[in-house]
Amino acid sequence: MAREKTYLEEVFPSPFMQLWGIFRKTPVAMAGFCCFIFLILLAIFAPILSPYSPVDSNLEMILLPPAWHPDGNVSYLLGTDELGRDMLSRLMYGTSLTFGLSFIVVFFSLVIGVVIGSLSALTKGIKSSFLNHFLDVVLSIPSLLLAIIIVAILGPGISNTVWAVAIVFIPQFIHITRYAVKEEFRKDYVLASRLDGASNFRILYYSVFPNIIERLMSQATLAQSAAILDIATLGFLGLGAQIPLPEWGAILANGLERFYIAPWTVYLPGLAILFAVVATNLVGEGIRHALKLRKEN
Amino acid sequence: MNSKSILFISMVALVSLLSGCNEDSKLSLSERSIIYCSEGSPETFNPQLSTSGTTSDATSKQLYNSLIVYKGQSNTLGPSLAKSKHITRDGRKITFYLRQDVSFHQTSYFTPTRLFNADDVLFTFNRILDKEHAFHHVSGGQYPFFQSVNFSELVEKVEKINDYTVRFILRRNESSFLANLATDYAVILSAEYGQQLTNSNSKHEIDILPIGTGPFKLKDYRVGSLIRFYRHDSYWQGKAKIEQLVYDISPRETSRLTKLLAKECDVSSYPNAHKKIAQRSDLQLESITSLNVGYFGFNTQKAPFDNKLVRQAISLAINKQALVDNIYRSQAARAKSILPTTSWAYDKNTPELGYDPVRAKSLLAEAGYPQGFTMDIWAMPVQRTYNPNAVKMAKLIQADLKKIGVKVKIVSYEWSTFLRRLSLGEHQSFLLGWNADHPDPDNFFTPMLSCSANEIGNNRTFWCHKEYDDLLKKALKTTDMSKRKGYYAKAMVIINDEMPLLPIAHSKRFQARGSDVEGDILSKFGGISFYQASKKAKLVNEASN
Amino acid sequence: MLTFTLRRFSLFIFTMLVLTLLSFSLSFLFPGDTVINHSGQIHATPTELVELNKVYKMDENIFSQYNAYLSHILQGDLGQSMASQSPISDEIIELLPATIELSLVALLIAMLIGIPLGFIAAIRHNKTSDNAILSFAMIGYSIPVFWLGLLAIHTFSINLGWLPSAGKISLLFEIDFVTGIQFIDILLSDSPYKWQAFSNASAHIILPACVIALAPATIFIRLSRAAMIEVLAAPYIRAARAKGLSFNQIIFRHAIRNALIKIIRHVGLQFANLVTIAMVTEVIFSWPGIGRWLIESIYQRDYTAIQSGLLVLSCFIFLVHILTDFIYAALNPLARGNNHGS
């Protein structure tokens, strides 16, 4: 019997692949993941896909109900708003504003938070204690309230909203990175590479980060669902995206004026927000679930 | 075990709270009161100081009376605090004989010791006329309506003949004088209250804590939230049917309608979803054709609108009919001039600048702007009969003007800031309107576009035209209706050529109420009065829905 | 307990310092004149301005400026509102209780719904009811609160006509201001319509409180589920089972108590979350509370009000934090040793 392989080579998947392996076996998480990808694609390609302009008004087609309504029009699938703008196009463009911006916001605060967090994990003493206290204070103020404060300082507007929400999410990333890095540094493999003569930076980059990346990702999904809600809420309160930007919260606030005449201008953006947040939360939930299972194995 | 029982008890408590709030226990109080959802806070409690509809709705007919009033639907003047009048043949001396049974409000801050008499009339009008009067400069010394009709120039003096007779002596005969006295602005204040405030050195309270002779008296006011009135029990025309009147101040249309639909208010001003109200058997919608005009004005002192051609070009580029259809939902007529077609002075032959973007473009090129320019439109932040949604109208105008290459920036401020900045002339163009105070046609021409209105900041176009002003003056000097009509027709031609503003629509004023509210509330000349209003017994409420 | 108190106290001082510094620096960050932002006196005459500059020590260095600002705050002088020109402390005293009242009722509802559901989910771990409860929690956690509020008004106030949609009581009732907590004020008043007012006020609070409660309730579900799962896996439960106690006895005598203690810790943090949700909800339900006032102040660019409102609100949130920490420490001696205030 000829053996083709001399040694039994066991393919040992990387931790990340292990995680993915567990993740893809959870159908609910996978459904959420598909929706999530769909939203990302929509956010990028909205200008190509959307049938009409999101801001130009069309006076002939004002307050058209969605197509399934007897008075609806098939070329305006989700109806039009009070200025005759196609709701579907507005919602599609809104994806890149509300959902797309939340993505950018989270990425931005993740990077800054990780840098500050890992630096602070390496400090000790008074500086560390001060930072700890300071973070406690900031973390005790709810994110939306903090975002409102920052918008109050910067003034309303979509770019200021992005800044505000990004700043608000930095402390939680600092906190979690710091905690995770400190925990990893206590482990033996770090000691091993330290004995090899690796610098702190090298240890961080090659040894610690690959091991905490999933935890950061799970935190990032949490932050993103909160970011979507915060951006939309600020838009709804008139502190975020301004007229005529098709941000979901702002569309909803705008539709409020005509709630009793055109309820779909309120229901649809609300559903869009709910959909995006649920999708994000499902992905996050899936990651956390997979992390837990991997740890148990 | 105990945590379960705590849970159970609190659940029971919650359920009993829920069921404890059935309606019939509230009956007694709500039957005797009316809640009115109003669209904004009054600026003051003295309508002499303001021309805003919100202020006069909240004050004039509720708290005060004037000497004479417009009666019902028939544009004629009738008696009020003055039971009769006499006018000399030259029209320059007008004598009023006052009622002797009128009492002022008794409130926590004032107790009257005497009835209404000639001193009160003198106090009221001298405050406006006499710059030396102790109260003239209290609250700023601006009486916009009276200034806009040149009241102090017209009236030489007001004399007291005896306790119940006063005489106005005019410098010239003016046909709209009596009409002006019958407006919501010419209300009578209490001289005795003025004296009390002078003694206690708190004169400014006269316009904050009002005392009048009207059917209701002020109980409580919270800015931006509510005004509470109690019935004036010794009102001279007999006491009102309701004991308490509450204005629930809700600037957002949707929240007013929500409160109406949820039965949290009985009457709502300016409802928007007419179809939704019509569907409900327990609500009714009413409207009244009022004399008003919504317009788009230009600041004629600021470039490029100091150029007549630019004003004409912009006016030609705006599709007025589309604005009327979309903003007023066809509850209004397209305006051909500033005067509504229902006014007797309206001339059918008045030309109208139509919709012609091609000509607009060529006019713009002629004026030196072939590439167009950037401008701002100031859209008022509140809804009014004459313009239910100025911001949306501005957006539509923005789209129209884009077609002739003019870029538009929409500006809006909180209402009082908006008006203040407008009168300072910071704007280039603006969306506003005018509600007539009485049916005399002069009430459109003089307060909106005359030079005198210009001086006090009421004419936000800052347009002052000699020939136009002369025509108005001539029209006031005569009582011959056909001559007056001729003068006004000429004035309209001038406006049409000069285009200081583009009249857009004349609309109806709408109001919605629960079916259990009875009695007239809307009156023809803009204002509202709750004196006649009452509530039906609650039985009806059970049957509906 | 003493070291615990001292530690919390120092944390409190530190936080107050940070918060007042923040609100002090806001006056510089906002557009306009710093001293006018401090005081809110936009109509001040030049002489009054000179006086204000002196009072706030604007010509001295930044430390004495801060000192002057701090002493104003300690005297209860938060300046006056730029929009209404009335003292901000008066406005806050009138509005804060309404927010507290609403938030407390909402917190109560959130706990009454969330904790039992969480326990049920944990006891029936990985069964259908567990999954149903978790899905409910996911939706509740994801739904934007302003949208939920609108849906609630549309369903319960307009279509069904059960509950009122705006305000904290019908405007017909005149209740004198005593504590600001509506229910207490009603009971204290001598109005002939006292009980009508009471039931009317209860009807008004239900809808906004439930809307606010949904998101925290879902968090309580997760917390209590996790706590209960952990407790049920603990050795003493196994010991109790070995002793022959019935399942109900184990749950009600041992598990619930121990799980509850773990949850109490999070109540403070949830309260902060809840107050933010309440801010948005107040706008939708026209609830006359501090959140709606704060947002209106932002619209009107009333910087003095924004600055002071934020200070008061964040101090209040932090106080609640510390308070729950104390309650937790009192109930659970183990927590007292825990340092770093995390």
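Note that the chains are named A, B and C in the order they appear, and that numbering of residues resets to 1 at the start of each chain.
Please note the rule applied: contacts are C-beta pairs under 8 Å (C-beta built on N, C-alpha and C of every residue); 3 or more make two chains touch, one makes a residue touch a chain.
Given the structure is predicted, the values throughout are model-derived calculations rather than measurements.
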Using CA atoms only, can you tell me which chain is the most central one in this structure? C
Which chain's C-alpha centroid is most distant from that of chain B? A
Using mean CA coordinates as chain centres, what's the gap between chain A and chain C in Å? 26
In whole angstrom, how far does the Cα centroid of chain A sit from the Cα centroid of chain B? 50
Using mean C-alpha positions as chain centres, tell me how far chain B is from chain C in Å, no decimals. 42
Note the residues in chain B that touch 2 or more other chains, in rising order. 261
What parts of chain C, by residue number, touch at least two of the other chains? 299
Two-or-more-chain contact residues of chain A, please, as numbers and ranges. 256, 259
Under the definition above, what is the set of chain C residues touching chain B in their complex? 84, 108, 112, 116, 153, 157-158, 161, 164-167, 170-174, 193, 195-196, 198-200, 202-203, 206, 252-253, 256-257, 260, 286, 288, 299-300
Using the touch definition up top, name the residues of chain A that touch chain C in the complex. 129, 132-134, 136-137, 140-145, 148-149, 151-153, 156, 225, 229, 232-233, 236-239, 249, 252, 256, 259, 263, 266, 270, 273-274, 277-278, 281-282, 285
Per the touch rule, the chain B residues reaching chain C in their complex are 1, 3-4, 7, 10-11, 14, 17-18, 20-22, 25-26, 28-30, 33, 35, 220, 223, 225-226, 228, 244, 246, 248, 250, 255, 258-259, 261-264, 414, 545
Per the contact definition, I'd like the list of chain B residues that touch chain A in the complex. 252-254, 257, 261, 272-273, 275-276, 322, 326, 389, 392, 395-396, 399, 410
Which residues, counting only chain C, touch chain A once they are in their complex? 11, 14-15, 18-19, 26, 29-30, 138-139, 141-147, 150-151, 154, 269, 272-273, 275-277, 279-280, 283, 294-295, 298-299, 306, 310, 313-314, 317-318, 321, 340-342
